[in-house]
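One chain, chain A, links the two complexes that follow: it is found with chain B in the first and with chain C in the second.
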Partner chain A sequence: MSELRYARMIVKAEFYAYMCWLKNNKLFAFMTLAWPYLMAAFILGLGTALGSLSVFASKVGVGDPIFYIVLASGVLVSSINVVDYSAWTLLDLKWLGVLPYIMASPPGLRRVTMYGLIIPAMISSAISLTAVAPVAVFTEGSLGLVKVVVVLGLVYLATIPLIGIAVIAGSLSLIFKEESFVSFLSPLMLLVSGVYYPLAFLPKILQVFSYIVPVTYVVEAAKILSIYGMPPFNKLFWIAGILVAMSILYNLIAYPGLRSVEKNVRKHGIST
Partner chain B sequence: MSGSTAYLRKTLAIVWLHLVRLHRYKLGFMNMILTDMIWYILLTLGALAFSPAGSHSVMAVIIFWGIVMWSIMNNTIWLIVGWVRFVLAWRIFEDHILHNTNPIFLISGRIITSTIVTAMAIPVIAIAFYFLTGAPIIFVKNIGLMVLGIVFLIVYAALYSMMLVCLSLRLRIPGAMLDITNIAMFIIGGLGVPLAWMAPIIRNIAFFIPYTYAAEIARAGIAGIEPYFGLAGTLAIGGIYMAVMLFITLVVIKYSIDYIRKHGVKGVGMM
Partner chain C sequence: MPTVIEAKDLYKTYTEKRGLIHRKVKRVEALKGVSFKVEKGTVFGLLGPNGAGKTTTVKILSTLLIPDKGRAWIMGYDVLEEPEKVREIIGVSLSVERGFFWKLTGYENLKYFGMLRGLSGRELDKRIRELMDLLGLLELGADTKFYEDFSLGMKARLSLARALIHDPPILILDEPTLGLDPASSRHIRNLIVQLAHEEGKTVLITSHNMWEVEVICDYVAIINKGRIIAMGTVPELKRMVSREIPIEITSYAGKLVSEDDLEKIVKDALGIERVAVKMDKQGEVRIRILVENGMEDNVVNKALEILRARGLRILEARVMEPSLEDVFIKLTSGARS
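This part shows the complex of A and B:
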């Protein structure tokens, strides 16, 4: 079977499974909509109780701080969803006891995880960013909606390298005799991406580390979009280019990495 | 075996179980500490981005410890309530009832995990943050008061969690809903902002939230901020809240276990 056909079949199956899951977990779907607002409310409540929005705008370098905080919260929730879902999927499959069947199936573990994770990542990101669209329209008019779509596009580009990182981290749970030890990954990425503060607040070493984290570039795009009325596409194309390069590079590492984990698991069994 | 000896043995067994789990899942334990530390820094830096440059040192202390207290509350609740799913999935809930051990007592043992995670994360992150921002985070005014405030906070959170555990066994209350309550607690529960600094309308709500008094006591120890009702008054109100919560929790546990003995576990561990 050709690679494209495998990809199409896995994506179709995963889409169906995820939609059924959402249908059976309506409250989760609602919470995905509410989460960006909860995070935005938390940081706005905390910040304005102890300071002001104008100070935030000048320090972080954004135009409209409320628009930015809500948009950035959408990015934050999307990133958490993508990384956590990707990292936990292998663990879930292990707990459910279906991992051996997936490994024995014609597409194998690598294809099922790499292609299959794209759909939940895309849907959950779309839900999170669609949720913030009303605020974007309220604060910036129809241009706000365009900006949300642009950020969603960049989140999709960032999703591919994020899945690569998360799958490698998650696959370690198949080798080590441990269960959940990668949940620090998503907050770490958000910490170095400077989602609610300027990167200058971080020590030099974390600032350097931030360059290799895809979320940093999406956050940067959100900052740029909050400053300009009309989205500056020349700057955004650069960011998109970096994310595409990261997608290729990280998955070039992730795919063989997952293959070696699969080999190890076939040889030694799954650690529980 | 006398009643008190049996209780002691059960308590020791539960403590042993949770300590063994911590040892068994070393990486997971380190992961919890690391995750906590990262969230402390992330949210504190986020809040600092709002405060004017000159007020960083004072603000940083309030913000940092506010986030630490919120995180202690949040962790305690999630680690206890989140464990219901595990206990039900592994079918050890009914086993404990059959062995005459209250399963809620078993679940509440998760307080050991959350307290150890907190105790390990706070000093490390406080020192790291001190070197990062130069804010006098590690120089607390009265460590005894600070610890007392944090103990109050953990006890409130644990009692609240046990009530939620009982509810989750009878109802399908999704754990996700807890997030809404917990996030709101930062402001209306007085964890992030001293009572005296609050807008009157929020303050009137905060009076009814037990965490407010724990946070006021802890802040008196951390930054020397006089509690709104004075130290003695705050301790008294906090103590009354604790007694009332303990009483309600014990009643709720008793009714839940009686109900479960009669009807079985109705909940599906959706917490």
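This part shows the complex of A and C:
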């Protein structure tokens, strides 16, 4: 069977299963819509209690602070969803006892994981950013909607390297039987992406670390979009380029990583 | 009949390492040279106690585990060299308790796994309905019920349905009736026999339920401590452990003949020394004859002939064959000593 046929087959199967899962967990779908607002409300509440929106805007370097916080929260929530879902997938499959059946299916673990994770990541990102669209339209009119679409495109570009990072962490957890590899990813991303504060506030080591996290660049794009009226596409293309490079780099590590997981699991055995 | 599953000299030692800093290493020898062949259209049982190496063997054949040494082939495809080919022609059930997504229904779970095998559309829907009907899952409402609400019996049936979703010629089932209620066990047993004997599929099952193996398997391999210690049909295995088989005949003699006379008559006529006769006050006589394994049918017929010729009424005749459990206990205790 050709690689393309495997990819098509897996994408269809994962799309079906994820849509069924959302249908059967309606509260989760609702929470995915509500979560960006909860985060934005928390940050806005905390920010206005400690200072003012204009201070926040000048310190973080954004234009319209409400637009930015809501949009950036959408970016952050979708990224956390992607990382959490992707990183925990291998362990979840193991705990559910599904992993051996994925391994015993013709496409095998590597293909099902790499092609399969793209679908839930894209759907959950679309839900999170659709949730923030009404506020974007309310604050900036139809241009706000264009900006949400641009950010969604960048989030999709960031999804691929994020899956790569998450799969590396999930693979390490499976090999070493240590869950800590996946549980620190989301908090770390939240810390170093500079969503709610300037990156200059971070210690030098974390600032360096923030450059290798894809979310940082999407957040940067949200900042740019909050400043400019029309999206400055020349600046956004740079960001898109960096994300594409990260996609290639991280997945070049993740794919062989999964190969070694599969080999490791086949060597040491998997509980059934 | 052609061989469709072959395992040759399989060895496997598990090395378990835990922790990143303080590495603890534990070694367990699971297989020590396992070899067997399975013919097309038969049910082959791998029988053994817990930890004997059954599941390890099944995992190797299902391409889930790499042996340290040895080879295995499924319909000529090497499980190590051509795992993708092997996966296309086998249906696997490794655990009846889990292995599905809890928040999907039985139908949705089967559809997902069917799609992973390249099935789709009406063909897949039809296949799922057929299988759910065949396994009695439709009448249990498993098509619309979440997997988390399934009983163990429903889970086992769904596991078998998944193994059959792509209509594979080979089925590998690890303890397919473990922990099930009698009705579910019987349903699955009947289906396994039907699949092998009527549809020509080859089924390899593992079990430590001796009665079940005796009832459904055409061939049995007894595995203990990573080694196959006996293999053959159930009658062949029984003959392996028992040189002498007791025959018990109950008849009514009344006052036709005395206990001692009858014993002498039977001994002389059969030429067998190990005959014991016991008669009660009502004239009912119990004759116990110890015969060499394999001779039991001839001896029973001849003994009945003699007794009838003397005018005795036959009430019951039984060949006291050892059960597979007797065989198993004798062989595995032998291996321990």
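In this text, the second predicted complex is superposed on the first by the 264 of 272 C-alpha atoms of A that agree within 3 Å, B and C clash if a C-alpha of one lies under 4 Å from a C-alpha of the other, contacts with A are read in each partner's own complex, and residues count from 1 in each chain.
Following the convention adopted for this analysis, a residue touches a chain if its C-beta (ideal position, glycine included) is under 8 Å from a C-beta of that chain, and two chains touch if they have at least 3 such contacts.
Source: prediction; values computed, not measured.
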Practice problem: Answer with clash or fit: chain B and chain C placed together on chain A by superposition. | Solution: fit
Quiz item: So, does A:Val182 touch the first partner chain B, the second partner chain C, both, or neither?
Solution: first
Practice problem: Answer with first, second, both or neither: which of chain B and chain C does A:Phe67 touch in the superposed model? | Solution: neither
Quiz item: What is the contact status of A:Tyr250 with respect to chain B (first) and chain C (second): first, second, both, or neither?
Solution: neither
Exercise. Would you check which partner chain A:Ala17 touches, where first means chain B only, second means chain C only, and both and neither mean what they say?
Key: second
Quiz item: Looking at the overlay, does A:Tyr156 come into contact with chain B only (first), chain C only (second), both, or neither?
Solution: neither
Quiz item: Counting only touches as set out at the top, which of chain B and chain C does A:Val55 meet: first, second, both, neither?
Solution: first
Quiz item: Does the superposition put A:Phe42 against chain B (first), chain C (second), both, or neither?
Solution: first
Exercise. Once the two structures sit on chain A together, report how near the CA atoms of chain B get to those of chain C, whole Å.
Key: 9
Quiz prompt | Residues of chain A contacting chain B in one complex and chain C in the other | solution = 176, 178
Quiz prompt | Footprint of chain A on chain C - complex, ascending | solution = 14-16, 18, 20, 55-56, 59, 62-66, 83-84, 87-88, 90, 92, 94-95, 97-105, 108, 111-113, 115-118, 120, 146, 162, 174
Self-check item: Residues of chain B defined as touching chain A within the complex
Solution: 25-28, 30-32, 34-35, 38-39, 41-43, 45-52, 55, 59, 62-63, 66, 132, 174, 176-177, 179-180, 183, 186-187, 192-193, 197
Exercise. Would you mind writing out the residues of chain A in touch with chain B in their complex?
Key: 27-28, 31, 34-35, 38, 41-43, 45-53, 55-56, 59-60, 176, 178-184, 187-188, 190-191, 195-198, 201-203
Quiz item: Within the complex, which stretch of chain A touches chain C?
Solution: 1, 5, 9-10, 12-13, 16-17, 20-21, 24-25, 96-98, 100-108, 112, 176-178, 263, 265-270, 272
